[in-house]
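Each of the two complexes below includes chain A, the first together with chain B, the second together with chain C.
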Partner chain A sequence: MSVQETLTRWRNKYIPDHVVGEILSKNWIDNTVPFLALLATILVFGQVIPDFFSLSSMSDTTRQLGEFLFIVMAMMIVMVGGGIDLSVGSNYALGNFVALYLMNLAGLPVGVAVPLVILACAAVGLLNGILIGYLRLRAFITTLVTLILVRALVDMLLLRYAVDISMAMPESALWEYIGIGSPLGIPFSFLLALVLVGVVHLFLSRTRPGWHIMAIGGSRKSAYNVGIPVRRMVCISYVISGALCGVAGALFAARLNSAGSDTGIGLEIMALTAAVVGGNSLGGGRGSAAKGLMGAVIVLLITNGLVRLGFQSGAAPLALGIILLAAIAIDVRWLKNRYKLLAKVYVSPAYLALPPCPDTDPGSASPYAQNDKLRNVELIGLGEVEGPEDVIFDADGHLYTGTRFGDIVRFRAPHYDQPELFAHTGGHPLGLAFDRDGNLLVCVAGMGLYRITPAGDIQKMTDETNRTPWSIIDDSRLKLADDLDVAPDGRVFFSEATIRYGMSNWAYDALESRGNGRIICYDPATGRTRTVLRNLIFPNGICMAHDGQSFFFAETWACRISRYWFDGPRAGTVETVIDDLPGYPDNINRASDGSYWLALVGMRTPSMDLALKMPGFRRRMARRISPQELIFPNINTGCVIKFDEHGTVRDTLWDLGGENHPMITSMREHKGYLYLGGLLNNRIGKYRLDDADPEWTGMTSYWGGVK
Partner chain B sequence: MTAMTAMLRRATDRLLGRGEAAVTLPPMDGALLPNTVLEQAPALAQLAKPDNLLQHGNRVLCSSGNRVLQLDPVQGTLTPWMQFEAAVAAMVALPDQRLVVALVDGQLLCVEGTTSRALTGLGQYRGFCPTALLADGDNALIVLEGSAQHRCTEWKRDLMARGASGSVWRLDLARGDSSRLASRLAWPAGIARGDDGALVVAESWRHRLIKLAGQRTDVLLSDLPGYPGRMTPTADGGAWLALFAPRSQLVEFVLREKAYRLRMMSEIDERFWVAPALESGRDFREPLQGGAIKSMGILKPWAPTRSCGLLVRLDEQWQPRFSLHSRADGHRHGVTSALEHDGRLLIASQGGHCILGLPGDVSGDA
Partner chain C sequence: MRNNNVFSRLARGQLLSLTQEKIVFLLAVLLFAVFSFSLTGFASVDNLLGLLYNVSVLGVLGLAMALVVIGRGIDLSLIATMAISVAWSLTLIRDGVSIEAALLYGMLMALGIGIINGWLIAYAEIPALFCTLAMGTLVYGFGRIALIPVDVVYMPADPGWFGALGQGELFGIPAPVIVFVLLSVVATLVLRYTRFGRYTYYMGDNYQAARITGVPTRPMLVMQYGVTALIGFAAGLVTAASVDSMNTRIVNSTMIYDVILVVVLGGIGLSGGKGGVRNVIVGTLLIGILLNGMTIMNIEYTVQNFIKGAILLAALIFDSLINPRDEQTAQQGDI
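Here is the complex of A and B:
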């Protein structure tokens, strides 16, 4: 091996570049930019301003933050629903005025006054909501108008009542506490705002109305089509916004008791900047309470910081404007490029050097020499079954197979001429096995491990396993359960081919050829699911050995067969049985003579073998050229081989012309015949075995005479 | 400074797959819209690797390996006509009924009646890789040399080595002299004469037709979706252009991946390279691309392929008018020459091992 190749191997072993793609595929990755901006803001202002972190400074900042957070949340909820609420500033001023009026002049108790304030502001929100939600006016222009209207209203009211308000002082300890109280040293309004952030987070991420608002923001038309009451939910989002402004106004009133006419001026721009800087999309559909919180802190720190640094009064709005522009630009670019970037970096090929490919030329001495034994197979269900990955027989000799439509189809013995629907799983059924009681166990791609009773009832056995410690993508859910077999004590061992791809794009896993797969054990006695073996290279077929203590498993892209002992003196050990197959192994099943059948789903090509040793080449290829053009293992041609437990190949069955069974993913011996299935075929083959035991069946081999 | 920026540009292009590193292909659209005319055409004759069709007097000749056969253009019967010591690379009939045959070992033979003699004493010209011939008056000949590094049979190696050492020669048979008309061409493989008398050359590895005008070369037609080969004139002043293999994204990508290309060329049998071919899908060790996976027993016609059948009809301005196709799911691949004869269009499909006979007024809409 050349020095360069050794370096390539080591580089790919120790630098986990697949992690980059996995991190990018996380939803929380949206928060990184605002989070870094937040850190930078704190660092910069902490350095520049003396006693920035002092108690009094923090207390003042957090009290303002309390009120501001309500406004930002109000803005954020409307934005997530695809709208915008510019009236928050004047609504806030209205809330302030109403609170002062009710407390100072009307002399109402806090318990009555505050709900009234919230109601008043919610009414403004309702006006917005009716205009925008039901009458379908433009959000921007409508809320701009309410901004002016409410502001004018507040100005008129202030002209009339401002003096009276400033003369009176409410006699309420509770009101005072709301304004300046600090339970546990934390300002009351800030504490309330933190509670609000938690509530909003739960609202948007865990409740039905929250999901509806998010869905409307994401795609209004789709939301309408799935039956979400779009108009009502849009209206409600503005009402919520108004109510939150009311709370903020009341808090402000309690804190300062001031009826100034400049209350809340420019607040809508601050709130909008905060929401966008935090990463909430202006277009709707993407946003969270945490983003709002981060944005609010950033904006408040910057505006306060600039004031304390002694800049002129215009500096803060100027800075805000620039930040808003930058944030919008970043948001647009990020939204546009995130999935592009993800698509480019997710595929992460590994180094894999396969042993030299054995000879397959016809007439050669190789055990894999090509022949045309499979030329004259009988066909079952031609054109009636699509995608029979696996075939199996029950105790009565009926044939079962899965199809790509999600059905389990049964052909009745002995003629196997009429397909009948046995069960509908909903995913693509792959591996099949019968347990001792005659239940059909099936691995369903995208769903997990299921049990189908002889009556056709479908029961879930398991669809998740223990999550791998420190794994970035959540691998607890089963994405691609592939093949299974049942141990004598009823435990089910099944393979999950890859945790990084699903049924629609598993082909990319061949390009990676990394150990992305695993073998999992489900114990029906305890109901527990545990991962047994990890980091396997597309584990596929599983077959119980005749000793009942171990099973054979195939790793497709690694072209090898291994054996794992789960019981007995060698429990826990893995031994390689064949490591240099000329093709890609799929399902393994028992043969009547004590050996095992193995389907090769495809054959190795020299160009692919070479590419496997050059991960950089494959990585660039995955980025540059379209999926249909990618180089791929040749799965247009396959064969069946028979091997024994020492790894000796005893027989090979080929269809040289490749007319009927170009691709073989499984085979099952039954009463002197071999039945062939293929994931991308539309037929099942039936091949007569001349030297096989004509009475042998899989059910008796596994479960004796038990029916 | 400009060299610096150029280097930087190349580096970023390579990183991002832009500019020269892009593997975009011209679409098969307009005049090149795929059809199945070649696939459905009746096979006139079955013949292993038919290559060059030629009208010689009233006879139609076709080369196949080191044999030349006479074809009955109506019945399709083939009769052996002549055999050579090496495979025939190209043939041309001179106006005086003499025939010049180029062999893959570089020899030029002059055939008169049933005797042949090697043409020697041609000045500086040394035959190495003759790919196409054209008569130039009674006693002169234009010869295309595909490459100075690889023989005709090694065309795949020349492409994968990014060869550009081809040349165009004019041989004066009467005076025994030769002159080089153009050099550093990337596998010139087809030649014709325009109605203004200028020579038009198909430069395969650069996917274009160029006109030789003195020292200048003008590009007549570029960005072809395949590798252009032989051209034969039509009665109305246009030409048939055989694109003997399609370009593909994967091959274009491999051409830009030096490390992989070099290892592939040194470690892998040429049959199994990621490279264009005259026929494909015959051996499972050939490379397979994702879109070529058979589903429910069917190979999609649009599947990525290393070989196809593609014959393009050019008008007198050397622009494509229409084209005849055999697609990925077909077998009439590797079209290397076409010939209009007696109101019929004869087509040699090297990958399909047959000669096709079509009506002379065939068009692309089928």
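Here is the complex of A and C:
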């Protein structure tokens, strides 16, 4: 091995660059830019302004922040649902006025006044909601109008009552406490706002209405089509927004007791800037309470900081304008390019050196020598099944197979001439197995492990396992369950080919050839699912050994068959059985003579073998050229081999011309015949085995006397 | 053969199909009639000329706004651009720069703001609403910090031809009205007969389709916002010349909503691709009659604002009822 190759191997072993793509694919990555901006803001103003962090300064800032946070949350909730509420500033002023009127002039107790204030502001929200939600007006322009209307209303009211309000002082200790009280040294309004942030977070991430609002923002059309009451939910989001403005207005009234006409002017731009700077997307679907919190702190620190630095009155609008433009530009660019960036860095090929490929030339002494034994197989269901990855027989000899349409199709014995629909899974059924009770267990890609009773009822067995500690991808959900087999005690062992890709793009995993797959055990007795083996290179076929204590499993891109003992004296050990297959192994199944059948889905090529040793080459390829042009393992020609538990190859069956079975992913021996399935085929092959036991069936081999 | 006489058209409902423009026009006529009878002094020639004089700036701004709205955009920074660029010109004149040079600088500034708007919308793909909203704040803040030391900048003592722009008369018609009429004629010709005008309609009707068929949509956006800012600058000149000063505080007033009111009320849908100069004129007339009537009736300024807001809201609801958007065809993120 050359020095450079050693270096490449080490580099790929110790620098985990697949992590970059995985981190980029996480949702929380959106928060990093606002978070850094927040840190920068705090650092800069902390340095520039003396006693920025002093107690009195902080107390004043946090009290303002308390009210401002309510406004930002009001803006954020509406934005998440795909709208916008520019009337928050006027509504805030209205809340302030109503609170002052009720407290100072009407003399109501706090417990009555505050709910009335919230009700009044929620009514403005309801007006917005009806206009935008039900009448489908444009949110921006409509709330702009309600901004003017409410502002004009407040101005008219102030003309009449401002003097009276400033003359009276409410006599309420509670009201005073709301305004200037500080439980635990923290201003009351700030404390309340923090509670609100928590509540809003729970609302958006944990409750049904919150999810509905997020869904509407994400895709209004889809939300409508799946039956979410779009109009009602949009309306509700504006009502919530209005109510939050009311709380903020009441807090402001309690703090300053001021009926000035400039209350809340320009607040909508501040709130909008805060929401967008925090990372909430215009147009909806992406947003959270944490984003709103970060944005609110950034904007308030900057505007307050500029005032304290003694800038002129124009400085704050100038700064807000620049920040808003920059934040929106970044947001738009980020949303547009995030997936492009992700597509470029997500695929992360690894170094894999395969042993030399054994000879397959016809006439050579190699056990893999090519022949034409499969040329004249009988065909079952030609053109009637698509994508029969696996085939299997029940106790009565009926043939079952999955199709890419999500069906399990049954061909009745003995002629196997008429397909009938047995069950519909909804995913792509891959591996099949029967348990002791005659239930059909099936690995469904994208869904998990399912059980189908003889009557055709489908039950979920499991669709998640324990998450790998410190994994960045959430690998608890099963993305690509592949093949399975059942141990004598009923435990189900099944493979998940890769945790980084799904059924639609598993081919990328071949380009990576990293140990992304695993074998998982589901125990029906306890209902627990546990990962047994990790970091396998596309684990595929699984087959119980005849001893009932171990199983064989195939790692497709590693061209390797291994054996794992789950019981008995060697429990927990893995032993390699064959490590230099000439092709890519798929399913393994029992043969009547005590050995095992193995399907090779495709054959190795020198170019692919070489590329596997050159991760940089494959990485550049994944970044620069379209997926159709990527290097890919050959799966045009395959074969079936028979091996025993020592790894000796006893027989090889080829269809060299590829006329009947160009791609073989599975084979099942049944009463002297071998039945062949293929993921991309439209037929099932039936091959007569001359020297096999004509009475042998899989069901009796597994479950003995069951008939 | 289609029978096109009055009765068959009546039967098909065509004659009765009222566009928003027609309704607003009828409303304006009705209001005019009501005010003429009920308000003393409304129908006098002096008052009517004053009415036109008062709304012609609004009309010019309406033309500017109409251009971008037809192209499915909006310019909320229009008032800020107008006020700051003109106020800067006046400041320069007071500092001793010649009138022509100062106005050229102001014009270049307005054009620059428009081009930056257009660039951000076209190339940085920031939604027009937010871009121009932020730009309005930014321009005002920048102008107040760096360029204009006082809130209100007065005209120089001897403004020459510049002053005539606001206070001159031709055949008894005030200059602002003439400016409005001239700009309306030019805008009509440009929108109808030039490539620039037609492309603007295509972009407003279907931006993607226009782009695919080869319309240079991005340079077009830059041009649209540039031209809009220039018309805004012209409106600012007329304003300054009429009232002898430029008050930068109008940026914080509700004037921008009046302009949108003119455009939306006249029947230029905010979804773009529809309407023309005629709609602006009709909208301007209605607002002019309304404001004038309310002023004669001595209604308070805040109440006037409330009434204008209510009318704008009614116009929007009406717009939404005759151009309904539904869940299947609405565009995502189109707020």
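Everything below uses one rule, namely that the second predicted complex is superposed on the first by the 702 of 707 C-alpha atoms of A that agree within 3 Å, B and C clash if a C-alpha of one lies under 4 Å from a C-alpha of the other, contacts with A are read in each partner's own complex, and residues count from 1 in each chain.
We adopt the following convention: a residue touches a chain if its C-beta (ideal position, glycine included) is under 8 Å from a C-beta of that chain, and two chains touch if they have at least 3 such contacts.
Everything quoted here is computed from the prediction, not taken from an experiment.
Novice: Chain B versus chain C on the shared chain A, clash or fit?
Specialist: Superposition result for chain B and chain C: fit.
Novice: After superposition on the shared chain, which partner residues are touched by A:L610: those of chain B (first), chain C (second), both, or neither?
Specialist: A:L610 sits against chain B, while chain C stays out of touch.
Novice: Taking the superposition on A as described, I'd like to know which of chain B and chain C A:E384 touches: first, second, both or neither.
Specialist: Neither partner.
Novice: Just checking: does A:D644 make contact with chain B only, chain C only, both, or neither of them? Give me first, second, both or neither.
Specialist: Neither partner.
Novice: May I ask you to decide whether A:I635 touches chain B, chain C, both, or neither, giving the answer as first, second, both or neither?
Specialist: After superposing on A, A:I635 lies in contact with chain B but is clear of chain C.
Novice: If you count the residues of chain A that each partner touches, which comes out higher, chain B or chain C?
Specialist: C
Novice: Touching A:R220 in the superposition: chain B (first), chain C (second), both, neither?
Specialist: After superposition on chain A, A:R220 lies in contact with chain C alone.
Novice: Which of the two partners, first being chain B and second being chain C, lies in contact with A:L324: first, second, both, or neither?
Specialist: The second partner, chain C, only.
Novice: A:R624 in the overlay: touching chain B, chain C, both, or neither? Say first, second, both or neither.
Specialist: It touches chain B, and chain C stays clear.
Novice: After lining up the shared chain so the two structures overlap, which partner does A:L153 touch, if you call chain B first and chain C second: first, second, both or neither?
Specialist: Touch partner of A:L153: chain C, not chain B.
Novice: Least CA distance chain B-chain C after superposition, rounded to whole Å?
Specialist: Here the least C-alpha separation of chain B and chain C stands at 18 Å.
Novice: Once the two structures are fitted together, what part of chain A is touched by chain B and by chain C alike?
Specialist: none
Novice: Inside the complex, what are the residues of chain B that reach chain A?
Specialist: 17, 21-23, 248-250, 253, 257, 259-260, 263-264, 267-269, 272-274, 284-297, 299, 303-304
Novice: Can you tell me which positions in chain A touch chain B when the two form their complex?
Specialist: My answer: residues 386-387, 507, 602-608, 610-611, 614, 617, 620-621, 623-637, 662-663, 680-683.
Novice: Over in the complex, which chain C residues touch chain A? Could you list them?
Specialist: Touch list, chain C to chain A: 120, 124-127, 129-131, 133-145, 252, 254, 257, 260, 264, 270, 300, 302-303, 305-306, 308-310, 312-313, 316-317, 320-321, 324-328, 330, 332-335.
Novice: Could you pull out which chain A residues touch chain C in their complex?
Specialist: Per the stated touch rule, the residues are 82-84, 131, 135-142, 144-146, 148-149, 151-153, 155-156, 159, 219-221, 224-225, 230, 265-266, 269, 272-273, 276, 282-284, 311-322, 324-325, 328-329, 332-333, 336.
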